[in-house]
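Right after this note come the structures.
Here come two complexes built around chain A, the first alongside chain B, the second alongside chain C.
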Partner chain A sequence: MMKKVIVIGLDGFEPKIAEAMMARSELPNLQNVREQGGYARLGTTYSAQTPVAWSTYSTGTNPGGHGIFDFLSRDPKTYLPVMALSRYEQKNAFVLPKVVNMRRGIPFWELLSARDVPSTILRVPCAYPPDPVKGRLLSGVGVPDLRGGFGTPTFYSTRKDLHADQSEKVVAVNVEGDRVATQVIGPRDPKTKSDHKFDIHIQIVKEENKIVITSQGQPDKLEVQLGKWSKWLKVRFKVGMMQSVTGIVRFNLRQIEPEFELYASPVNFETEEPLFSISHPKEYAHELAMKIGRYYTAGMAEDHDGLNLGRFDEAAYLDQCRIVMRERRRMMEFELGRFERGYFYCLYDTPDRLAHMFWRFREAGHPSNRHHGYNAEYAGAIEEHYRECDAIVGEAMKAVDDETLFIVLSDHGMNSFQRGLNLNTWLYENGFLALKPGVQPGESGDFFQNVDWDKTKAFALGLGCIFLNLKGREANGILNEEEAEQTRQGIERGLSGLVDPERGAVAVRSVSRREQIYSGPYLHEAPDLLVNFSEGYRVSWDTPLGGVPQGLFVDNHKRWGGDHVIDPALVPGVLLMNRTFRAQSPSLVDLAPTILNALGVPKNAEMEGSDLLS
Partner chain B sequence: MNLFINLFSLMGPLRPPEYLGPETLMPLASILAAIAGFFLLFWRLIVKFFKTLYRKVRGLPDEVPPEVDVDDPTEEEQNK
Partner chain C sequence: MNVLVLHFPGAKRAALFNDERLENLRRLMDMGCFGALAASGEWNVLARQENHTLSLMEYFQQADKLCVETTNPVTLREKLSVGDWDYLQYTAASYPADNWSADDYLRLDQEVGEALQELSDDTVIAILGADCFVLVSANNPISGEYSGGVAADIAPTLVQLTGFPLPSAAEGTSWVAGMELNNSSGLTADEQQILRDRLSGLGYI
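Moving on, here comes the complex of A and B:
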């Protein structure tokens, strides 16, 4: 039995890159762990996504046991995509709204707590609101920004021709002399649908290439250097009489002239008075901030939307990734410094977020490079980042002693995303999805506008999920059991082995039925079919929110050039332990039993995996 | 002495009534409910006010997280 289990999570850490680097002795600390114990590729989940995979890690069950199948799910009453990780509930006007975690099942730290084994858990996904635990827990992916989404940044510009994308706000500003008066955009008022705002006054200091933001926030004067990220500004939005909500925001000054351009990150929860609790105990998030300084609290810390939309460049994104890594490292070092026994976990999300945005530089021919340019300087950005991760692992190893089980793992790997398949368009062309009379693909917007539900047999949303339009389940369901089976078979036959005519390559390897890959109490919530893409392919950008665009295959022109939502067999994670372990087909479901057993706590009946150390 | 007499005469309406019933307790219940409501609504502000007051009286600095430099060269060095 161990006194301590220390787990360092490296989200999206790709085994092929890691193995090559270890072979070249470029990751000495990971190599050290490997030599002490072992290394293996780690089986991931259907589908290979952060919330799905880490929920399986936490509960030791397949997604049918915890109910998280994708970032998005659908409301069968409206067919509209809904956030799958958590939801807000307000039973009536007299009760305050509350957040409900949609990850069900029992995370293994609850079993540890029941046996009086303490845990320190930093930034675990799908624990919002935080799980009660003996010890401390800080929620990770799943914590929204102050507007309630995954993150809405704001772009301030004097250019009048800018249009806001769905995932951002654009504010047109005027420079008067050397001053700009504008506002930070905060949460939406659910009644009036207008935005709450916080006044800021910007003074441009051209000769020093900087601006000074003056406000009622904290600090009252904040300097932002050209091309740099600012420190945090604490802002307060008045949301009612004697009621206010606080948040924190960072700025990146893009340009002073000829046009003034300023980027503001999504407004993160502030730790002292978060809108909803983000830690257990509730005060822990602020206690941590008082020790290590303010930090990103939103689940998606890195502003990949800002880079994807071209609001800032790769250099600024790399800078931000370094800031996030430093924050996380400070958290880890502080907590490891006082960690004596039990379970310790710290997740670094940045390997995933960085690889999504820099994968295209590994492939000069990536379609994204034709639109955004190729810079060979960034071809090794992922490797450079992996070296930083290795240094962090080395730091964590300082807390390892003879009675410690030390684990480094990633939830999935990473691959190329060059071509997208318009899944709803394929369903339309093959007679499974119908549009209203006179409407053609490309004329139907997002959110299944113009879909004729009375004639539709199946529809796709999320990252490769297909739902059948079943009678008695969906609002306008038309399929009975027999017809549903025929539809399933038709889609499986048509999609499996689908070839991209432009490249002559197989885009879809197979289609999985939910009964084949999931089991458990939440099986009925799963998509009916899951599409397993080949390397280089994924669902198109129009598919997740229910778009039916023209054409089947499209080039991926976005800067987000790497992805992992393909056949899970192609994107395993990594697993390293400082003890010899069963290296044959280890999987994410095996981690919970392994950690529990190491700490002398039996697994529960729902857990599907087995102890890798026995 | 005069002062006490005057104060006592002011307390007249607050002396315990000779009859206790719903209509006589209503004002008291309203006052208590208003006080409870005030604390429920503004509890966080009240606590914050007294915490700030305490820190000011003791001459302690404001309770804000430490400022961390965005560029921290020491950690860059550590990674090398």
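Moving on, here comes the complex of A and C:
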């Protein structure tokens, strides 16, 4: 039995890259763990996504046992996509909403707590609201920004021709002398349908390439250097005559002349008075901030949208990734410093977020490079980052003693995303999805606008999910069980082995029925079919929110050029332990039993995997 | 629409509207309108007809509404949780008549908070103190501080918010007379925007 289990999570850490680097002796600390114990590729979940995979890690069950199948789900009453990780429940219009975690099942730290084994859990996905635990837990992916989304940044510019993309705000500003008066955009007011705002006054100090932001916030004067990320500014939005909420925001000054351009991060929850609790115990998030300084609280810390929309460049994004890594490392070091026994977990999300944005530089021919330019300097950016991860693993290993089981793992790998499939358009062309009379693909917006539900048999949303329009389940369901079976078979036949004619490559390897890949109490919430893409492919950008654009295959032109939501067999994660373990096809479900057993606590009946050390 | 009136005869405006700890009350104040109430007339008298004083509750009874009146917090809770009422009027009797302590105000806020848990969205809520009111209703076109109201205006205002006609010889003046009431509709373009907001920043979409 062990006294301690220390787990370092590296989100999206790709085995092929890691293996090649280890072969070249570039990851000395990971190699050290491998030599002490072992290394294996780690089987991931259907589908290979952060919330799905880490929920399986936490509960030891397949997604049918915890109910997280994708970032997105659909509301069967409206066919609209909804955020699948948590839900706001409001009994009526007069009371505050309550956040409800949609990850069900029993996380293994609950079993540890029941046996009095303490846990320190930093930034675990899908624990929002935070799971009560003996010890401390800081929520990760799933915590929204102050506007309630995954993150809405703001871009201030004197240019008049800028338009906001769907995931940002653009504010037109004027420079008067050396001054700019503007506002930080806060939460929406559901009543007036306008945004709450916080006044800031900007003074441009041209000769020093900086601005000074003066406000009622903290600090009252904040310096922002050209091209650099500022420190945090604590802001307060009056959300009514009687109520206010606080948040933290940081800036990146992009340009002073000839245009003035300033980027503001999504407004994160502030730890002292967060809108909703983000830690257990409630005060823990703030206690941590007092020790290590303010930190990103939003589940998605890295501003990939800012880069994707070209509001700042790769260098600024790399800077920000370093900031996130540094603060996460400070958290880890602080907590490892006082960790004596039980379970310790710290997740680094950045390997995933960085690889999404830098993958295109590994492939000179990536379609994204035709639009955004190719820079050979970044061809090794992921490797460089992996070395930083390796150094962090080395730091964590300092806390390892003879009675410690040390685990490093990733939830899935990473791959190329060059071509997208318009899944709803495929369903349309093959007679499974109908548009209203006279409407053609491309004339239908997202949210299934202009879809004729009375004639639609199946629809796609999320990252490869297909739902059948079942009678009695969906609002305008039309399929009875026999027709549903025909539809399943038709989609399986048509999509499996689907070839991208422009490239002559198989884009879809197979289609899985939910009954083949899931079991458990939440099976009925799963998408009916899951599309397993080949390397280089994914659903198109228009698919997740229910768009039906023209044409089947499209080049991926976005800077987000790497992805992992393909056939899970192609994107396993990595697993390293400082003890010899069963290296034959370990998978995420095996971690909970392994960790529990190491700490002398029996697994529960729901857990499907087995102890990798026995 | 249902009507819930919570009457706290001993609560004074100066304390009620200036205590930041009264979270439920403050949320309601932000949702609707609030203000001082001059002591002219009685809040629950809708009209004075020849030989008869028509109370608000009587009016709703005549309109076949299920009306309940209580001073007992236990009865209030029961009625709220079962939901068998259209008009529910609670006069808090278990408080001092005057000179409330800070704790009394906290208790009021707690009682209000508990009551709110049980309501449906289409409820018209009036919270009345000795010299003040808070009025919340989804269709209420007035928001923020409302000044110049008198006690006699409460009954006709409530009647109009529920969509009933005012009787002749109404005592006070309905604040929403002649105003267009807010109505709620299905998923608007704006709500789609909210949905987009919530999902944006995910990266994958």
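The definition used in the following text is that the second predicted complex is superposed on the first by the 610 of 614 C-alpha atoms of A that agree within 3 Å, B and C clash if a C-alpha of one lies under 4 Å from a C-alpha of the other, contacts with A are read in each partner's own complex, and residues count from 1 in each chain.
We take it that a residue touches a chain if its C-beta (ideal position, glycine included) is under 8 Å from a C-beta of that chain, and two chains touch if they have at least 3 such contacts.
As the structure is a prediction and not an experimental result, all values here were calculated from the model.
Bringing the complexes onto one copy of chain A puts chain B in a clash with chain C.
When both complexes are overlaid on chain A, the residue A:Ala93 reaches chain C alone and has no touch with chain B.
Taking chain B and chain C in turn and counting the residues of chain A each one touches, the greater count comes from C. Looking at the shared chain after the overlay, A:Met242 reaches both chain B and chain C. Judged by the touch definition given at the top, the superposed model places A:His356 against chain C, while chain B stays out of reach. Within the superposed three-chain model, A:His385 lies out of touch with both chain B and chain C [touch as defined at top].
Contact with chain B, but none with chain C, is seen for A:Thr271 once the two complexes are overlaid on the shared chain. Once the two complexes are laid over each other on the shared chain, residue contacts for A:Arg559 go to neither chain B nor chain C. Shared-chain residue A:His366: touches no atom of chain B or chain C. Only one of the stretches 24-32, 96-104 or 132-140 belonging to chain C has C-alpha atoms clashing with chain B in the superposition, and it is 96-104. Of the residues of chain A, those at positions 242 touch chain B in one of the two structures and chain C in the other. Contacts from chain C toward chain A in the complex involve residues 26-31, 113, 116-117, 119-121, 123, 125, 136, 138, 143-145, 187, 190, 192, 194-205.
Here chain A touches chain B in the complex through residues 218, 228-231, 242, 271, 273, 289-294, 323, 326-327, 329-330, 387-388, 391, 395, going by the rule given at the top. If you check the complex, the residues on chain B that touch chain A are 41-42, 44-45, 63-72, 75, 78-79.
Remark: chain A residues 71-72, 78, 80-83, 91-96, 144-145, 147-153, 166-168, 188, 190-191, 193, 239-243, 266, 300, 304-305, 308, 353, 356, 447, 463, 541, 544-545, 560, 563, 565 touch chain C in the complex.
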